[in-house]
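Before anything else, here is the set of structures, which you'll find just below.
There are two complexes below, and they share subunit A, which is joined by subunit B in the first and by subunit C in the second.
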Partner chain A sequence: MKITIDHLNVDVEGRKSVLDAARESGIYIPSLCDHPRLVPFSGCRLCVIEVRGRRGVVPACGTYAEDGMVVVTSSPSLQKMRLQILDLILSEHPSACLICREKETCEDHKSTIRKVGEVTGCVLCPNNGRCDLQTVVEHLKPDNLHFPALYRDQEIHRKDPFFERNENLCILCGRCVRICHEVRGASTLAFVNRGSQTVIGTALGRPLLDSGCQFCGACVDVCPTGALTEKTVKYETLPDEKKATICGFCSQGCELTIHVKQGRIQASVPAENGPVNRGQACVRGRFLVRDAVHHPRRVLKPLVRKNGRLEETGWDEALGLVARRFAATAPRDIAVFGSAQDPCEDLFILRKFAREGLKTPNLSGVEAFSAPARLLEAAAEQDIAPPLNGRISDIAKSRVILLFGNCPPMVGLEIHQAVKNGARLIVVGGKESPSIRCASAWLKIPGGKEFDLLTGLSKILAGDGHPQNGSGPKGEAEFKKHLQEFKIADAVASSGLPEEKLHRLVQLLEKRRPAAFLFNATFAEGPGGKANIVALWNLALQNQALFIPLGLESNVRGALEIAAHFRDGAPSAREIGRSILGGAFKALYVCGHLPRMERSPAEFMVVQDSYLGDAGEFADVILPATTFVESEGTFVNMEGRLQKFSPAIAPSGEARPGWRIICDLAGTMGLPGFAYEAASAVFEAMAKTVPAFRGLNGLERKAETFVQEPAKESRAFAVRTPSAEEAAPLYEHDPDRYKGLAMSRDIKSLNIVRGHK
Partner chain B sequence: MNREFTADLKKRIEEITARYPSRQAALLPVLHLVQSETGFLSAEEERAVASILGLPPIKVREVVTFYTMFTRKPLGRFHLQVCSNLSCSLADGERILRHLQAKLGIGAGETTPDGKYTLTEVECLGACEQAPCMMVNFDYHGNLDPEKVDRILEELK
Partner chain C sequence: METKVLTKGFELDHLFRIGVYLDQGGYRAVKKALTEWKPEQVLDEVKKANLRGRGGAGFPAGLKWSFVPQKTDKAKYLCVNADEGEPGTFKDRYIMAHDPHLLIEGIILAAYAVGIHTAYIYIRGEYELIARRLEGAIGDAYAKGYLGKNILGVGFDLDLYVHRGAGAYICGEETGLLESLEGKRGNPRLKPPFPASVGLFQSPTVINNVETLANVPFIVLNGAAWFLERGSPKDGGTRIFGVSGAVNKPGIYELPVGTSLREIIFDHAGGLKPGRTLKAVIPGGMSSPVFKADEVDVKMDCDCVAAAGSMLGSGAIIVIDDRTPILDVLSKVAKFYAHESCGQCTPCRLGTSWIHKIVKRMAAGKGRADDVDGLIRLSANIKGRTLCPLGDAAALPVLAIAKKFKAELQTALKGSA
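Our next item is the complex of A and B:
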């Protein structure tokens, strides 16, 4: 449709507010309460416009474009109205600096620093220079204010970690309240009291720690003023530059903007247009990147154990020692354990080095103990091929969701959207989490007992009907037979749910489509894990449900694709992982974290990590690697999305990218084929050999590039019953761990949040 | 500080919620009921109501603090609510409030030490035609002047 905004003809697609249409055409309408991710609120009234044929004025944020609409966004009477509104807003907001005639030159002459308890003007405000209110004032240019200024004199809430709440700067736009409720589903904040007494408050007036706050920082990011301020930046000036990166803390791959000041990270904020996160992040991405990257546990120089103690040394000495020891060890006595938090380039080089350089078959990694790995194993054994490239955004379109265990935060937001649109969420197992709050039911079935429940549901869903003649998916006849032999009583016994409840669950599945089934490593690990997966897969087939394994580490999917390429039969990566911990090898090359051990698992252990972590206790050599913020590389997120990132800051100390360390080591050992100049060259080599990456271009940053899936018939039923021989989980996935750094232990602020229940 | 309501109160709350399409919709009448039982709504009652209705506690707080008919402190025997909204202000309702403050020796939002009177400044009471006006407990008194206020107080004794 076409509308006219200030004599400009604008094409509008879909349902869009006049404010959004104007923004997209580069027309600025002052506004303080509207936000792209939020439902129009029409609270501040600054965006008033005139629409031809309508009486009076209307707010642009709450007025939707209609074909042929003629809109005026600025006129003397609108200007007068906006100035009056601004006058009222500023009567309760420190305003001296906003209308100061010398504000243009203030920055040059100001001699005070900002370390004050109370903010009484912009020059003392942490939000100076990034404030929406300042932008509005600059646009409307009031030359005088007509109401007596009122300082609210409310106590500043400083007790919570990460950010402060200063009611004296709040203009009550309600963005924080709405983002917490509409997008995050946490409902931690609300307007408390009424009229002139209104403030933004928490439940029972308690600190955020006691109010169910997840500390995602969404409220801080949408706050137009300095009322909500990140503590670490409140005494700092504006960043020198902003760099885009992909968060390396989990498998969702949120796009972050890193604020860099004098070569260090000042803050990390979610990118507004990030395809996965769309302006959102979690406590880790929003508040912990700076602390993690500049953490005192960072290893800044290579460390070599001398007389029982790790001592700093140069790269040549450390690599020379590793090269000599590896050369003196038989290939089958060396094992390599990869981290799924390293980019594809590092993982590719590590595996190429193990296979072609060290010539050892002993390759394992964290990814082998993940939910998608278990799915791939189960699928290979049953000859089925479930799709892996499920989109996170499709979850929001589901009408019923079965969640097994806990899910990452952005997945949680999609689930919350779905529930808001009327979907039902059933959580099975898992720990107390934000998702539980919007669940219709939380079935606390012990891990490993899900098989009976799922098969019971399948049996009820299938009814007594016989398979249709040849039209059903492969394996249907065998599956129906399996269901006929299954006793509902078993499902009742192991789930603890009465049969009637099972029928109600099936009704839910039948009535509400599409469905989404999500499961994490707890569901997939341990005895019965694979049987769980196959049972859920069958149910997903019966119900045409979205089927998503929830990997945890940032590059689990990439690691799996690369591992699959370098795999050559038995023993499996899981068995090798177990042998590594069991002390079966003489020399180890470990990237990142290994589960805590009582004694050293090998005679000679090399750890490539950014931190002095638990594995460092027994390491003979520690090679300092860069973090994701300091390196160039590619992650593949849980959707199979290829996510390229560039360094935002220079490496700390002498840390080197993982691929570079291995190439240097191979060079020291005199091995040919590792002379790569840059991460992009490694990607090119990988794109030539690893099937999933074939034909993909690592250099171009495209919004939507996905790794390839094998084109194979995936719709087939399978039968698998739980077997007891599978050992207990080896690797406990901790969402708060980044390589050797246990953030919930090593970073105090997160420790407070996690320790506080 | 988890407060348990009596079985009888719980039963009456359930009777109220049964009349509404969702439990959240019953929040106002349930709060009125609880207040009539306990006299005022402390943090404990807020928490208990939130838990019974399955709401985040913040949703109860925003409602309790919004409406002046909910009180979060114990009230005196006579609750004097003086309107300070537009019509009453134009009719000098401010004078009525000042008069009461001087006479009772308490400020708005306070209760006399003997627990007899509580004085509250409120937004519109919906009786603009008789501005300036106030409410004493559930009774309206309009077209006030200080003398009329004195007479009303006399009658309360």
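Our next item is the complex of A and C:
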């Protein structure tokens, strides 16, 4: 459709506000309350425009483009109107500086007088130039204020971690309230009181910690003034540069923008156009990157144990020691344990080094204990090929969602969107989490015991009908026979739900399609895990549901693909993992975190980590690795999305990228085939050999890239009895862990949030 | 011609009891419409009758109903606006207190005409007794089969609920009312979409004033022509004018639409109290621009009052005598709207607050020479620029008072200086 904005012909596609259409055509209309992710609010009234054929003025943010519309956005009368409205806005915001004639010369002297209790002008504002109101003032250029500024004189809320709330600077655009409600589903912030007494607050004025706040920081990011400011950034000058990276804390792969100041991280904010997170992040990505990367537990130089104590040393000495000890140990006595939080390049080199350099079959890693790994194991036994590249964004389109355990925050946002659009969420097991708030039901069945419930649902869903001749998925007849033998009474007994409720669940599944089934490691681990997966897979097949295993660590998926390539007849990674903890090997090379142990699991243990973590307690050598912010590489997120990232800052101390450490070690040991120049060269080698990466270009960031899946028939019921299982889960996945750093313990602010009940 | 239609039965004792109401021929309109007429006929008759909204905006009711889509997957809703928040207005409370079944009958007819099966009466929180009386009447109507499933055996269902407000003027604005009814903060919504397409719970919704709906049974019983005879050609029926202020007989007066304002004040309401003369009249609730004493020869129908520069609004006539300083009136107006602005949009939130501040300082004898002009400038900046009609409601009376009584206000300023 075509519309005319200020004599400019503009093509508009789809339903779009005049404000958005103008923005895309490079026409600036002042606005303070509008935000691309939010429903129009039309509160500030600065975006008033004239539309031919309509009476008076209308807000551009809440007026949708119609074919043939003729719009005027900047006539002298409109500008005058905006100035009058701005005049009012500035009367509730300390603003003397905005029209001060000494403004420009004042810039030079700001830094000396900034930290004050009361903000009376921009010179004293904690947000220091990060201000949309300033932009509007610069555009409209008021030369005089007709009203004195009214200071609200409200106490600044300082008790909560991460950010402060200063209602005295608030212009009531409502962006924070709306993002908290519409996008995050937390509804922690709200308007309190009315008229000119209106402020933004919490229920009963309690601190955010008591008000269901998840500290995602979305409100801080949308605040147009200094009313919401990050504590560590307030009064700081603007960053020297902004660099893009992919968050390494979990499997969703949110794109972050790192604000760099004098070589250090000033802040990390979610990228507006991040393909997965679209401007959103969680408490970890938003507030903890800086603290984690510059943490005092960082290992800055190689450490070697001498007389029982770890002492700093040079790389040559450390690598020489490791090389000597490994060379003196038989290959079958050496084991390697990988992290799933390292980029693909590190994981590839680690496994290549183990198989081709050390020639040991003993390879394991965190990924082996993840939900997708368990799914792949079950799939191999059942001869089915479940798709793994399920899109997170498809969850929002579902009409019923079964969530087993807890989910990562961005998945939670998609679930919230689905529920807002009318979907029902049923949560099974898991801990108290934000998603529970939008759930229709929370079935507190202990993890690992869902098999009977799921099979019961399958039985009810299948009814008494006989399978149609050959048209159904493979194994349908056999599956139905299984169901006939199954007794609903068993489902009732083990789930503790009355039979009537099972029928209600099936009705939900039948009436509401498409469905999405999501499960985490708690559901998939333990004695009944594999049986659970099989039962859920069959139910998903019956109901044509989206089926997504929720891996947790940032590169679980990449690690699984790389590990599968190097398996080559070796014992399973799970078995090796158990043996490692059981002390079956003489020498260990561990990346990142190992579960806490009573005594050293090996005679000689090397830990490659960015932190002095739990594994370091027994380490003989610690090799300092870079964090994701300091290195170049690729992560594969939970939906198979390949995402490259570049270093935002230089490595701390003498830390080196993981792949480089191993290549240097291989070089010290005199092993051929490890002379890589850069991470990109490692990726190229990987793209030549590992099937899932074949033909992919790790450098290309423009197009969306996904790792490849085997094109196998996936429409088949799982009908074989799952193999016997070991007892307890081995590895406890903690979303707040980054390598050796337990953030909920080692970072005070997160400790406060997690510990607060 | 007998002019009392709606208020005719008010003198009867216990009309609110369904037995008395039925004895008076109650629910005949429902019987007639549901058993003899198709829904479209009810709609057509109301359209022909030119029944205009009695809440304030004066929008034709039949036209409003016809905006609701006939075919939709969603439930449709009827919301009765019984918030009666406009200062000076006290007519709906009489209808609901004396004759609740008349309202219920009107609701049933409107619901039948539009194909609605769920209706809510949103009543202002202060009307606690009336709310209870309404709930009693609704219970009786259910018991007699005028509400609930399969009404009168014709297969039409209607459920009716009473919802009490919590004391915010903004919740009388139709979209603020919807938000409040949904359990949210009563902020207005952005229009379009209009409630007829996206209203309560995102569904098509009709919102009518109590008095508007109370007229519908008479239109159904007596026909559109009868109704038009009683009012103006483009504005049918009678209206309940609520007269308050310095008159001898304040109260409600049901008169034909189009009765002159002078006649209402001097004939029906008994003129001004002894020894006083007329200074000004607010003709349609506090948000309508004021008339000076020489402007009261105006016919009280929507179009004529609009042509005279004000609005008929809710038909609440506030009479101001010569002993009342206009600054006092202005103070009340300014205070009310500053207190009731919801705070969502800038011009209303801050404009009303600044008007109040300026008027306060004028009243305290600390006014400045350009304050009257300041008030005119401020209210002109609010007018037409706000999210919902509350902004206009606040700006128009201030603008009118400041312009028409500028001399008096200036004198007051000088006197204080």
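Throughout what follows, the second predicted complex is superposed on the first by the 745 of 757 C-alpha atoms of A that agree within 3 Å, B and C clash if a C-alpha of one lies under 4 Å from a C-alpha of the other, contacts with A are read in each partner's own complex, and residues count from 1 in each chain.
Throughout what follows, contacts are C-beta pairs under 8 Å (C-beta built on N, C-alpha and C of every residue); 3 or more make two chains touch, one makes a residue touch a chain.
Keep in mind that this is a model prediction, so the values were computed, not measured.
Visitor: Based on the superposed arrangement around subunit A, label subunit B with subunit C as either clash or fit.
Guide: clash
Visitor: Between subunit C and subunit B, which one touches more residues of subunit A when both complexes sit on the common chain A?
Guide: C
Visitor: Between subunit B (first) and subunit C (second), which does A:133 come into contact with in this model arrangement: first, second, both, or neither?
Guide: A:133: touches no partner chain.
Visitor: Contact-wise, after the overlay, does A:81 reach subunit B, subunit C, both or neither (first, second, both, neither)?
Guide: second
Visitor: In the superposed arrangement, which partner chain does A:539 touch: subunit B (first), subunit C (second), both, or neither?
Guide: In the superposition, A:539 contacts neither subunit B nor subunit C.
Visitor: So, A:269: does it touch subunit B (first), subunit C (second), both, or neither?
Guide: It touches nothing on subunit B or subunit C.
Visitor: With both complexes superposed on chain A, which partner does A:43 reach: first (subunit B), second (subunit C), both or neither?
Guide: After superposing on A, A:43 lies in contact with subunit C but is clear of subunit B.
Visitor: Is A:194 touching the first partner subunit B, the second partner subunit C, both, or neither of them?
Guide: both
Visitor: Could you look at A:212 and tell me whether it touches subunit B, subunit C, both or neither (first, second, both, neither)?
Guide: Touch partner of A:212: subunit B, not subunit C.
Visitor: Figure out whether A:62 sits in contact with subunit B (first) or subunit C (second), or with both, or with neither.
Guide: In the superposition, A:62 contacts subunit C only.
Visitor: Which subunit A residues are contacted by subunit C in one complex and by subunit B in the other?
Guide: On subunit A, the overlap between the subunit B and subunit C contacts is residues 190-191, 193-195.
Visitor: Can you list the residues on subunit A that touch subunit B in the complex?
Guide: Touch list, subunit A to subunit B: 187-195, 201-205, 211-212, 437.
Visitor: In the complex of these two chains, what residues of subunit C are touching subunit A?
Guide: Subunit C reaches subunit A through residues 168, 170, 185, 187, 190, 338-347, 349-354, 381, 384-387.
Visitor: In the complex, go through subunit A and note every residue touching subunit C.
Guide: 40-46, 48, 56-57, 59, 62, 81, 84-85, 88-89, 91-92, 147, 172, 174, 190-191, 193-198
Visitor: Once bound in the complex, which stretches of subunit B touch subunit A?
Guide: 43, 46-47, 50, 56-62, 65-68, 123
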